[in-house]
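Given below, in the form of structure tokens, are the structures.
Two complexes come next, and they have one chain in common, chain A, joined by chain B in the first and chain C in the second.
Up next, the complex of A and B:
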């Protein structure tokens, strides 16, 4: 049974549909790309998976449960925006995460922060945007979670930081977990994906193995994306 | 280590090609132990499952072998390595001829140009016969 399952998952914002009845079944042991242009429903999907939104129809289950405390204990979520309070120090944040999440591996976080030259006594406020994003990623990836939901983890950072983030995702790969990355920067993530999901105007228009797509279509996932989502 | 991936071909096959090249050019020597899947994947910036699949294919082709607990090693079998060199050489020559034919050269002209080029750049004396 898939670790992320949805049946007819539907979400409206007022009268505006954001997700129009999505069916999905995602097995663990994969890095999955949730790919679509702005406004296609990527963030809505991830928020539903985290219980930050409730569906208007259908359902989503994580490891068999609807989103709630049980699923939050196994889902590591990286939002698409900054969420850490500016006054907090890195050391305090690690304690915070260790308190909140039983699966938080503090020594892993310490090691990653050390390799990045981020000191425990640094406050979030004192950091550049790129460094803040790295801190958020390290905290998220230091959990031994079963599901990682990364919403635009590489948006708005420079190419070197992008490489670091992608390498971190690869080196933390766990064959029992699933990593879902939402992005519209396809060419940057294409080589690290097992499965790709194209989402367009609230519908899934394609779901397959990245290498199968490349073999069948004779083009990169990025090129196919540009074709499918041509304006 | 430099890795480069292009569109249109499965990444695992591109890894197989680039690993073959590294073996043929002695960047990985016969009998060398390969880094772990995770390290290779991180280095190449690819999915560990994709790297695993590529190594499986290299194993199937006899270029690498695994020893249950010790890891993966580059083959020491000279026959396999010789075949690899021949196959790579053939691929390069085919590509080379195809390009030059495309710009209107006859095979006779290509052969003459190659001989001349090799003489002028001193390739005859310094030729690297291991390819």
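Up next, the complex of A and C:
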């Protein structure tokens, strides 16, 4: 049984379908790319997995449970937006994460912040956008979670920051966990992906091992993506 | 988990309200000192007028900010950008609602206490410390026979009525969240609607509104030696408890089955 399972998962925004009966079974211990253009349903799927949206049909389960306190204790989530309170300091945020998440590794977070030159007494609102995003990433990846859901972690940052983010993800995640990265910047993440899911207009159009797809299609995942999602 | 949420909630509200309380109390001390000072001073009237104006302003700000902060904390922390953090901690929906409600009760209470201290700081320098006891007796109108049960009852009723108000706010915000546009306007309209419905229901049962209940406790009790546990005072409180329960269910239901964090 996969750690992330969904059966007929459906979500509408008004009359607009965002997800149309998604079925998925994702095993732990791999890095999964949830790939699709803007508006394909990636963020909707991730928010449903976190219990921030309620489905209109079907269900999603994390480790056998529907989204709730039990799943939230094992899921580390990085939204595609800024969400940390601006008035809070980095040190206070580490305490917050340590208070609420048993799997939060505070010493790892301290070390990562030190390597970035981010002081514990800095407030979120005093930082640049890029630095805020790094703080969010560090807090998320300092958890030894069973599921990491990273929504567009490299969107909106410069190439150097992208490399840093991907290095941080690779070097800090729990290897027994599943890491799901949603993005439309395929070429940047392709090299680290074990599993690939293409999502288009709320439907899963492809799901398989990255190596198998490359061997079968004779092209990179990025090239295949451009072909599948050609405008 | 509730204790942890409450810790952070109180800190978040405290950074806004504590400076306001400090401003109120400092101004009250200044006002009291000025009132007790040499009234032949040339600038006396100007200083009194200015200090009075400031004091009224700060009192008003404290009252409004208590309400605004409670509304904003729920709106932003649950349905806003901070909801991406708050609602991903491993706490149940019930825990989140209780956290917000208890926090609202605490800050309403602190605002009342700040107001009482402000009044003391304003009046004691003028009447003199030795007259404070006499002043309290005058307020109580001597004939009152307040029992410990009355005190406990007043506290319980204050908690129920204030808690019901907080839950009404949260339910209104939650209903507003259901629409895609003008969510704040919708929330305000729903709050007004809930308030009207409550007043109508109380009227149908021949009961006073909650505002009149509060007035009755201070007006009726001393003069007739009436105790708190009377039907005209208990009735609205039982309804407050019932309304509060309904608002809780509305809020819980929307957060459980209709949450759509954008």
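The rule is simple: the second predicted complex is superposed on the first by the 230 of 231 C-alpha atoms of A that agree within 3 Å, B and C clash if a C-alpha of one lies under 4 Å from a C-alpha of the other, contacts with A are read in each partner's own complex, and residues count from 1 in each chain.
As a working rule, a contact is a pair of C-beta atoms (placed from the backbone, for glycine too) under 8 Å apart; a residue touches a chain by one contact, two chains touch by 3 or more.
Everything numeric in this text was worked out from a predicted model, so none of it was measured.
**Q** Do chain B and chain C fit side by side on chain A after the overlay, or clash?
**A** fit
**Q** Which partner does A:69 reach: the first (chain B), the second (chain C), both, or neither?
**A** The answer is second: A:69 touches chain C but not chain B.
**Q** In the superposed arrangement, does A:85 touch chain B (first), chain C (second), both or neither?
**A** After superposition on chain A, A:85 lies in contact with chain C alone.
**Q** Looking at the overlay, does A:113 come into contact with chain B only (first), chain C only (second), both, or neither?
**A** It touches nothing on chain B or chain C.
**Q** Using the touch definition from the top, say if A:30 reaches chain B (first), chain C (second), both or neither.
**A** first
**Q** Determine, under the contact definition given at the top, whether A:219 touches first (chain B), second (chain C), both, or neither.
**A** first
**Q** After the superposition on A, what does A:211 contact: first (chain B), second (chain C), both or neither?
**A** The first partner, chain B, only.
**Q** So if I take every C-alpha atom in chain B and every one in chain C after superposing, what is the smallest distance between them in Å?
**A** 27
**Q** In their shared complex, at which residues does chain B touch chain A?
**A** The touching residues are 5-12, 38, 41-42, 44-50, 53.
**Q** Mind pulling up the chain A residues that touch chain C in the complex?
**A** Per the touch definition, chain A meets chain C at residues 13-14, 47, 50-54, 68-70, 72-73, 75, 77, 79, 81-85, 87, 96, 99-101.
**Q** Residues of chain C touching chain A in their complex?
**A** It comes out as residues 1, 4, 7-8, 12, 15, 81-85, 87-92, 180, 256-261.
**Q** Spell out the part of chain A that touches chain B in their complex, as residue ranges.
**A** For chain A paired with chain B, touching residues are 29-31, 163, 166-167, 170-171, 173, 191-194, 210-212, 214-215, 218-220, 222-223.
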